[in-house]
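First the structure, in the form of structure tokens, and then the observations on it.
The letters A, B, C and D name the chains in turn, as written, and every chain counts its residues from 1.
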Amino acid sequence: MKLDHTAAGVYAIAATPFHPDGRLDTASVDRLTDFYVECGVTGLTILGIMGEAPKLEPEESLAITRQVVKRAGVPIIVGVSAPGFAAMRSLARSAMDLGAAGVMIAPPPSLRTDDQIVGYYAQAVEAIGDDIPFVIQDYPLTLTVVMTPGVIRRIVMDHPSCVMLKHEDWPGLEKISRLRAFQAAGEMKPISILCGNGGLFLDFEMERGADGAMTGYAFPDMLVDVVKLQKAGRRDDAHDLFDAHLPLVRYEQQQGIGLAVRKYVLQKRGAIAHDAQRRPASGLTPAAKAEIDYLLGRVARYDARAKI
Amino acid sequence: MKLDHTAAGVYAIAATPFHPDGRLDTASVDRLTDFYVECGVTGLTILGIMGEAPKLEPEESLAITRQVVKRAGVPIIVGVSAPGFAAMRSLARSAMDLGAAGVMIAPPPSLRTDDQIVGYYAQAVEAIGDDIPFVIQDYPLTLTVVMTPGVIRRIVMDHPSCVMLKHEDWPGLEKISRLRAFQAAGEMKPISILCGNGGLFLDFEMERGADGAMTGYAFPDMLVDVVKLQKAGRRDDAHDLFDAHLPLVRYEQQQGIGLAVRKYVLQKRGAIAHDAQRRPASGLTPAAKAEIDYLLGRVARYDARAKI
Amino acid sequence: MKLDHTAAGVYAIAATPFHPDGRLDTASVDRLTDFYVECGVTGLTILGIMGEAPKLEPEESLAITRQVVKRAGVPIIVGVSAPGFAAMRSLARSAMDLGAAGVMIAPPPSLRTDDQIVGYYAQAVEAIGDDIPFVIQDYPLTLTVVMTPGVIRRIVMDHPSCVMLKHEDWPGLEKISRLRAFQAAGEMKPISILCGNGGLFLDFEMERGADGAMTGYAFPDMLVDVVKLQKAGRRDDAHDLFDAHLPLVRYEQQQGIGLAVRKYVLQKRGAIAHDAQRRPASGLTPAAKAEIDYLLGRVARYDARAKI
Amino acid sequence: MKLDHTAAGVYAIAATPFHPDGRLDTASVDRLTDFYVECGVTGLTILGIMGEAPKLEPEESLAITRQVVKRAGVPIIVGVSAPGFAAMRSLARSAMDLGAAGVMIAPPPSLRTDDQIVGYYAQAVEAIGDDIPFVIQDYPLTLTVVMTPGVIRRIVMDHPSCVMLKHEDWPGLEKISRLRAFQAAGEMKPISILCGNGGLFLDFEMERGADGAMTGYAFPDMLVDVVKLQKAGRRDDAHDLFDAHLPLVRYEQQQGIGLAVRKYVLQKRGAIAHDAQRRPASGLTPAAKAEIDYLLGRVARYDARAKI
């Protein structure tokens, strides 16, 4: 079950559950995987930044991949961004051997020119092999690498194995329109576009032509519903649901503490046993927790799933 | 009427109105000034980034300052950030001579260490004189300069003329709490804290101890109401109003096209004659305009001021 | 006498002389201009970063331009990089009215993609007018903007008024070869290439096809000689002279204190009355001064002009 | 044999030899190790950026460490900088188990404030354990992290296991003087300071109080001699030798192609069998090779070791 350009719906960016003492919480890995599937996601993305991948030993990364692939029954994308191509290749090949559907590659922050970016992906494909479907992660806010639609097209056209864009440029609505226009004009082969940025613009991204979301908001079920409502043409309903969650989406989208917010809510929802992060960890003050509780209460007036 | 640390409420970041051919639209300068005052702002900030200051000739900057100071009847803060201290000094002295209440200074993006930042503000104060009240602009998302609470305290304590923080760190709620804790412990003299970032976190910023907002959202009247409601202890009402606007606040907060969104709405509200920017200008596609219109329609279900 | 693509030789980046109390030292402006001309430079570049341009009031900038143009009798290039196009246009038009030969424009550090860079120069040309010859400043080490040879070609081909590249990419020898290959293949119109970076690679840059140097090393006469020797095919002689100066060239090339080193030597050579910088200024410790004196003594064993 | 603050002399940054097809060239690992030791180095640093560490599989990194430790008979420092603390810990513990003398840690480019930098080293020490001697790598030109002398002192004083500074700030002479002044005033415990930056300022760095060099210039024997001459008080002799090499030192110091230059010369000197880099690799044009050959010829007029 390899990833291809028809991928759509919601790929949840999976958190990695830990015990308070820093050990992997493998029971919660199962529990969280089940939670995502019950939320209706079409796939999962593991070992990304928000999955605390850099804190994991290599064997832990593989163990998680094995466990999630076996449990989930949905396609798994594995983040393989690495400072060197040796580590990238090694993780990518192992992940595919374990049953992953594809891998995701972010550009290193040092890239500047169009040619450097295109060249980097060529080197990455050479490293991992052209038989592994991959996702471009376009995330300038954190990575400081800016890809024009034309650069993305070059990468897509250079590599048949490039099947998806994780779109988290910001702002990015026009970029989606532009890429879909390339396709419509026959200037680019079709790709799947799933949107990140915590879902902050998912309402309109769907209207611009996105196929869904790839992000880790603690209510993946809301993301699933918004995607379905938009695909069903129920625009107002989609926005009503989205807007009810937006105050919390925005709160979780804060850089640095976002993961702490997300795990706090996931724990409250029973999806993981502890909201612990492996060290070095960011934490929530009592004031922040009270703010999240207040926001959950407000969301719950519209969406009963937030009554926790 | 000089700015001091008791400043509170909403200081609108004023747009600069142009004719479609790029000339200053002085009639709209008056109209927009009146609009802000009628919205209930307690002050105005002019010649900031969102005021297209770098596109103005020096004489135009002074002419706008003169016109707005005369018309507004509320305190005016003038942005004087400049690549050199000569230009900064020159604009600051002229602005104060014309009746401005104070100036705002952003750190240049090249600063890295704590000492460099503190040293830069010392040089700036030496350049403009220690008799001009000034505002620190703390905006890492755009400026890439990161100031810890301790660095802000050093600047505040070094300079009696430092009376306000324009807070747009992101995330920044804990920073407000920290600075207020410094004050409560007698470790920092009192300052005014007004929050930017398009108002995206104003609901909670007020609860953390901010004195108000300094931002340019096209509904300053909403910002004014949220500040008032929070000060009156009407928390739920404040959030209800804020949340109704949040989808549009978020949309306007997009980097790069935010000013185009803002001017589009200001024109629709009748506050300026044209939504033109002086070149080089960013523009809105028909798709973007339709999205804003849709959002306005949704806001209007709760807040009649958005019926336009 | 307008700048065109045949410009060659050495354009000295002129320092700006100040009195110790910060006032412009106009007597030294004449003295320094004469010094440069006596050194054999073919032109001068004023109001660049190393000319402390951002510390000058606008009237001072114009006064210096007027004085140098009148005195020098060689073509003058004026740095007009500015955060806004209004200031750029204003300074460019005034400089040309005063008799400048052309202007130099650096890209702002925020530019990332190829299209952004090309677009910026298009906007700049629109602002200053297409009748003013201009120089592209390609200086990634300080400006963080990376231009490929292809991007430079696009700018050159888009604008007949683009006549020169100030080349200070680092490393950059292959870039010169590449641009000259474009020309040889008829894929780019001829441009003048003058090299910066303090002259650190001038020996080989000439061999790769550069037309000369544009930099501010305190021995412009050495730069002039190296250019002449290389053009005369006296390779070993050129390297002998260059290498004798290289320890000092390297010392002066240090970021942050380079200007202090340069002014210290210019004062010792009698070209300016004081080595003062206008505030904020970097200074030399006694240890640094002793090191420079030691280096001058060593250079003097080969080049008598360093006996000072 | 653990690293401590008395370390002095030259620690060569070791290249990693590959076959043209990308396989590790283990025969050359021995040959290169012998070469360094015969050059008179007091230690070696392996698995740094210039050792192509990110291109190595984890088992290769360990195999090289094992081979070099066994062969060299001098202290080995291992670069363990990594995006995550798990990988850093894992490599550090393994390296020490294999007999390394200490490890080197560079700060990640995202760090900005003083507290972030100090905090990062605290987390790193917590991860690797406080029993492993470590080196701070202070390299702002590439890493964009700026550490004041005060920040370095905080790290040194917080961690008894911090025994050395790899100094490659630029410019950095005053920083050495400042740190030694801290020590002299009893405000900082003694540390070893070894200088990088390709050796570009080694002549004066020794005079400011450095203990030696840690860099990879292809003539480590020259570095060894300069350090010895300076320690013996033979200043002019030290500069004479240094200046003879400076044109090549400068050429090798070019970012991006520096490693290709270095390996080309090491191969010519017989220290490695091939100048190949593992992919992705930078290469030298024929023009560049001819330039290096020319420079070697010139160096050879003074230093016979360059006759190759």
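Worth a mention:
Rule of thumb we're sticking to: a contact is a pair of C-beta atoms (placed from the backbone, for glycine too) under 8 Å apart; a residue touches a chain by one contact, two chains touch by 3 or more.
Here the structure is a predicted model, which means the values were calculated and not measured.
Taking B-D and A-B together, the chain pair joined by more C-beta contacts is A-B. Ranked by distance of CA centroids from chain C, the top chain is A. The centroid of the Cα atoms in chain B and the matching centroid in chain D are 48 Å apart. Mean C-alpha positions place chain A and chain D at a centre distance of 38 Å. A separation of 33 Å divides the Cα centre of chain A from that of chain B. Those residues of chain A lying in contact with chain D across their complex are 53-58, 60, 82-87, 90, 109, 123, 126-127, 279-280. Of all residues in chain A, only 112-116, 144-148, 150-151 touch chain C in the complex they form. Remark: chain B residues 170-171, 173-174, 177, 200-201, 203-204, 207-208, 239, 243, 246-247, 250-251, 254-257, 285, 287-288, 291, 298 touch chain A in the complex.
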